[in-house]
Amino acid sequence: MGILEVKNVGKRFGGLQALGDVNLSITENSVHAIIGPNGAGKSTLLNCLVGKLIPDTGSVMFDGKSVLGLKPFEINQMGISRVFQTPEIFGDLSVLENMMIPCFAKRDGAFTPNAFINMMKDREIVERAEHVLEEMNMSEKQQMPAASLSRGDKRRLEIGMCLSQEPRLLLLDEPTAGMARADTNNTIDLLKQIKDEREITIAIIEHDMHVVFSLAERITVLAQGTPLVEDTPDNIKGHPKVREAYLGETQDAA
Amino acid sequence: MEAIILQVLNGLDKGSAYALIALGLTLIFGTLGVVNFAHGALFMIGAFCAVTLSRIISISRTIIDDSQTDFLGNPLKVDVPYVYDWFGQATGDVIIDWAVPLSILFAIPIMVAIGVAMERGLIKHFYKRPHADQILVTFGLAIVLQEIIKYFYGANPIPTPAPDAFRGSFDFGAAFGFDPNVIIYPYWRLVYFSFAAVIIASVFAFLQFTTFGMVVRAGMADRETVQLLGINIDRRFTLMFGMAAAVAGLAGVMYTPINSPNYHMGMDFLVLSFVVVVVGGMGSLPGAVLAGFLLGILESFASMREVLTILPGLNQIIIYLVAIIILLTRPRGLMGRKGVMED
Amino acid sequence: MSKINLTRRSVLQTGAITGAGLALPTYLSAASHSGFTNAPTGDTVTLGFNVPQTGPYADEGADELRAYKLAVDHLNGGGDGGLMNTFSSKALQGNGILGKKVEFVTGDTQTKSDAARASARSMIEKDGAVMITGGSSSGVAVAVQALCQEAGIIFMAGLTHSNDTTGKDKKANGFRHFFNSYMSGAALAPILADNYGKDRKAYHLTADYNWGYTTEEAVRTSTEAMGWETVAAVKTPLTQTDFSSYIAPVLQSGADVLVLNHYGGNMVNSLTNAVQFGLREKQVNGKNFEIIVPLYSRLMAKGAGANVKGIFGSANWHWSLQDEGSKAFVKSFGTKYGFPPSQAAHTTYVQTLLYADAVERAGSFNPCAVGEALSDFQFDGMGNGPTLYRGADHQCFKDVLVVKGKENPTSEFDLLEIVEITPTSQVTYDASIFGGELGACNPGA
Amino acid sequence: MFGLEYKDSRMLILVAILVALAPFMLNPFPEGSGMAQFNAGYPDLMQRFVIFGIFAIGFNILFGLTGYLSFGHAAFLGVGSYAAMWMMKLLTMNVVPGIIFSVLVAGVFSLAVGWISLRRSGIYFSILTLAFAQMSYSLAYSVLTPITGGETGLQPKVTDPRILDGSLAEGTIAKANFFGLEMGSSFELQLGSWLFTFNAGYYLAAVVMLIAFYISIRIFRSPFGLMLRAVKSNQQRLNYTGLNTKPYTLAAFVISGMYAGLAGGLMVAMDTQVGAERMFWTASGEVVLMTILGGVGTLIGPVLGASAIKYMENILSKINSDILHQWFAFLPDGLEEFVITLIYPFIGKGWHLTLGLIFMAVVIFLPGGLVEGGQRIANLFKRKMPGKDARDNKS
């Protein structure tokens, strides 16, 4: 049984059936990619996993517990971290402060009215944040306002923020979308490194086949709101149904 | 029954004033994405266009009438308007009498000019600034504008009557088979209502059926794409600002016979019109109009004696109460789009 | 022109020990030896004129300020002396007050009690004013009066019409020359009965705050005593601008008189709206429909324009009065400013003179001495006939004017005509009916 | 000091010194000189500086940190004032119970308003708070007259019960005090032509303000403050980082509401009167102006902004044409008239115009308010002394 079990999930928006009947199981400590053409329902599925949307039917179990109806912050506290398509960071805050926030959230929970502690004197948190920044090779940038980072660094920061929480499941929503090739490769390397060094499950939604095939251990292909096929990358590459439904339409995707 | 018909009538009339102001605010917000707290001031300036024109028409030469005395016992100075000299007293009187409707012609170019000047001179620099900054700078501008008007026209309300032809009221009751004197309504308010309806309809028609309007609507939806098409959307938006100013100004001109204008009438309407816009849904033109009429009618019902005996003080808070309820049940107002002004 | 505006402190300085610290714990910076707040020690005395200079009553405030300046001018021996010539008390010499030249400071009340108190406190604490006067609303008058009581300063109220000022909120250090709601009702009722008959049905629209309540109460009580019936009374919010939804149901109610217990902008708008609805052309119960505005102000009537024609109301004073006092005041004011004074100007001018006169007669600026001199003081020649400053509540009792909007005004100032001068006896009431406690006078320090 | 970092302690001490010496610094001009008009060192205005400083500091905790623009904070000020006044009427003229009660009542009220209003964000939140405040104002002015005194407000009366105080001596009136020390009592010091007033009430309010300022520094530097800044910066990210934004924003709202209540209670303690206009929407707008004028999200900005606006309101509005004539008497007559004609619209009754113009200028040219202005000037000097750079700049 996988760490994340999605059973019979369906979601309608008015007349549009965004998700039909999705079944998905993600094995612990694997990298699982979800691919599919535009409008296949990838983002809707992701939003159902993190609490942004509530599916009309079916169930989503994380580590044996249902996440349905929980708020995003509650799901995060269970151990699911999400990386957005465009990096979502705290632009007004310094890089170090950005990193401290998830550390606080991990240690102190969803709400702690600790208004009388000087945050910089909380050595545990500061050290933890500095440590993660070091891992991300961003130590020398920790006093910069996050908004002034390059796109690639923002992505690194965001991934670092998620990792600092030591999540059991890391969800990545097209992590290299809109990136230059060099940045994309850097990100792939970073993710590979994460995969190798940590015990972590990664689910990745991606358009870029290069990314998918460099990282994924299993791939689910989504089309018109239903999973078409699920298999290893090698099998997917040659799968006729996939070519028809997906690769056929986006010839330059790979 | 009669009481209810009467309050619906009242509400429609009140609502037409709200709707006109809210329409202008929404035009500016929808096209330019700017929250204009000086919009009430534009309404007020419109009203003062009417005051100014009636003063210009009444510019007089002074003659001394020895047969009468003034309060100090000196010979009375009598003002004779120049229009009497030019057109004779009868025609002159008619012109003075019709000053308010004439002001419409006078106000349109002035308001458009003020609007364009405001956009080019000030608002333009605030497109990329946070909404809070826009609110604050236009609020500052509103204070400045109203103080300037106060400096020249004083703080007291200035009577600006409607033409004599519109004095008195129309007896709906008698016309539709109720008892006479029960459902009466002043002619000028009927004029105001029709005027508002025409303005609202023309703004909608303009946006719907002209190329200019279509481009502007497209720009409201997606500014960058329209700009990529090589259309100079900025100039059109400037004109839209002028148009919104003119709508506010005309609402002000026609309002003068209903309430004598004073320098702070804009501020009196400002909070209310923002409530209307937000209840309607930020950026939605039909929403603004709908909310204007809705709040006008609800306000009228809340002022009924029968209602007030049960809920004293309801008339004090009805607008705000409705705003709270609507915003809590419909998060983006009646017809608002998602993601507008929520940051 | 250069007027030197010395303050009390500059006066202190002249006789002060240079360099060394003269330190005295005091309340609101009083000069300790005199025994009362802000005792003038040099050859000048400072008065505080606290009027609305911004906000809807700014024009009224400006007129009050004109009157104050005129009064100061007259007290210091300038101009034609104005009402000092007709005033029954001859204590004032035109050489300032007690030989001290009168100086003044001005402030802006904004018609808000907080701002009015801030401004009054700055006059007391910073400028050393020994008397504060002014105001254009009862909220402000009551608030500033309470402050002056606390600080040990005399407060000479300006335009305030609520019963509360000298009723439930009266204070020993506060004095009001202006009339009140009760007097308006008492003066109006008989005239209304004479003109409109005793069988009338009245519909009240009342501003929803203290002044509105007391005015409605006063007019209701006195008209009902004449045989009128009150059909309904509806409260309207202060912030209302369009009164149509309140006016439209009036005809349905079977009422044949509409009483607008509104003041200022409310009055202008509600009256304009009522006339627009053509109420005055209607016939109800076989009678002409009538509108009444209990408290008239000429400045505000101007805002309503032709709509005031033929509408009854009451006033404290009007420039067309023909007694010697009124004529003298209109002449002084009109000569200096070019137009006739408003009733707000009149009451503030008279208050200033009354204060100065009381100081002269008491021989001291001490508020308690001044208060005593004003209490139960009877005078004449100030434009309202023989007048009594009643000691029990510090309210002036004098003739009240019933006025009517003029049908054919000859100028923009000639809007009202006097219908009746109601004699004092008819508007006098027992000092205890409104409750409240005058307390003892407070000299501060 | 007090668990603050060096830089913050330095600022707190600086503010404490400024506040303690305010009676000297605000009266720079000798009595009787033409410039004495600009002196602000009298008790009422000094009290207003610190009280509105507290109000703005609290508002800044909400608006400056979380970015939620409340247009109804004056309601909490008003509610606090009414609460303190009723304590004074019923319990004792000692200001301590009144001030404590005002904070509590404002806290409860802001909890209720915040609970509902924070369901929405952006302008919808602003309009909700505005609606609550306007309802409070309207009701306080009209139907709640028995509780609020309506138009004429509330003042202590001789006849009030005041169960903890003994009965008043004949002919005296109840005065607000701090365990016997009357708020109105002052100590005057005359040095040459200068006169300085040290007022008990001012110093009480100033001490409270320093505590409020200290608390605000602590909040700014705490993890809680960090979360509030994160709310302003990116609420979505915060949600997906496992933090529940609602209690954070609500806590900030209630804290700033309590600050407003504290300011309201102190206003009553200093000047025993309360009226409903205190809650009108323009009063809420005023605190927004103060915060922006001083510098949103900075520690000291709101205090500066509050002082600047209160200074204009109280000093500018009192300059009348006579005083202008006095100032410019040295000019030849024609020129004197001309100069006065130029200046007159901006002072006295025209002070609103000046306020509006200054306000526009600040928003247009100095979005960071007076603090940014100060920093720019400081930077000008620093540029001339290279070596001292970004280290001090960053705060």
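Read from first to last, the chains carry the letters A, B, C and D; within each, the first residue is number 1.
The rule is simple: a contact is a pair of C-beta atoms (placed from the backbone, for glycine too) under 8 Å apart; a residue touches a chain by one contact, two chains touch by 3 or more.
These numbers were taken from a predicted model, which means no experiment stands behind them.
Chemist: By label order, what chains touch chain A and chain C together?
Modeler: Intersection of chain A and chain C contact lists gives D.
Chemist: Which pairing of chains gives the most C-beta pairs in contact?
Modeler: Chains joined by the most C-beta contact pairs: C-D.
Chemist: Starting from the mean Cα coordinates of chain C and chain D, work out the distance between those two points in Å.
Modeler: A distance of 33 Å separates the two centres.
Chemist: Let me have the rounded angstrom distance from the C-alpha centre of chain A over to the C-alpha centre of chain D, please.
Modeler: One centre to the other, that is 46 Å.
Chemist: Report the inter-chain centroid distance for chain B and chain D in whole angstrom, where each centroid is the mean of the CA atoms.
Modeler: 35
Chemist: Approximately how many whole Å separate the CA-defined centres of chain A and chain B?
Modeler: Their C-alpha centroids are separated by 52 Å.
Chemist: Where in chain D do residues touch two or more other chains at once?
Modeler: Only 138, 141-143, 352 qualify.
Chemist: Find every residue in chain C that makes contact with two or more other chains and list them.
Modeler: Counting only residues that touch two or more other chains, chain C contributes 54, 58, 208, 235, 237, 239.
Chemist: Return the residues of chain B touching two or more other chains; collapse runs of consecutive numbers into ranges.
Modeler: 312-313, 316
Chemist: Identify every two-chain combination in which the chains touch.
Modeler: Result for touching pairs of chains: A-D, B-C, B-D, C-D.
Chemist: Can you name the residues of chain A that touch chain D in the complex?
Modeler: Touching chain D: residues 50, 71-73, 76-77, 81-82, 84, 88-93, 97, 100-102, 104-106, 108-122, 125, 143, 161, 165 of chain A.
Chemist: Across the complex, what residues on chain B touch chain C?
Modeler: Within the complex, chain B contacts chain C at residues 2-3, 6-7, 9-11, 13-14, 17, 68, 70-72, 76, 150, 154-161, 167-169, 181-182, 184-186, 188-189, 257-260, 262, 264-265, 268-269, 299-300, 303-305, 308, 312-313, 315-316.
Chemist: Using the touch definition up top, name the residues of chain C that touch chain D in the complex.
Modeler: Listed in rising order, the residues are 1-7, 9-10, 12-13, 16-19, 21-29, 53-54, 58, 62, 105-108, 112-115, 117-119, 121-122, 125-126, 137-139, 142-143, 146-147, 149-151, 162, 164, 169, 208-211, 213, 235, 237-239, 437, 439-442.
Chemist: Going by the contact rule set out above, which residues of chain D touch chain A in the complex?
Modeler: So the residues of chain D touching chain A come out as 3-5, 218-219, 221-227, 229-230, 232-234, 236-245, 247-248, 251, 255, 394.
Chemist: What residues of chain D sit close enough to touch chain C in their complex?
Modeler: Counting only chain D, the residues touching chain C are 30-32, 36, 39, 42-45, 48, 138, 141-143, 145, 149-153, 155, 157-159, 170-173, 175, 182, 184-193, 195, 197, 267, 271-273, 275, 277-278, 313-314, 317-318, 320, 322-323, 325-326, 329, 348-349, 351-352.
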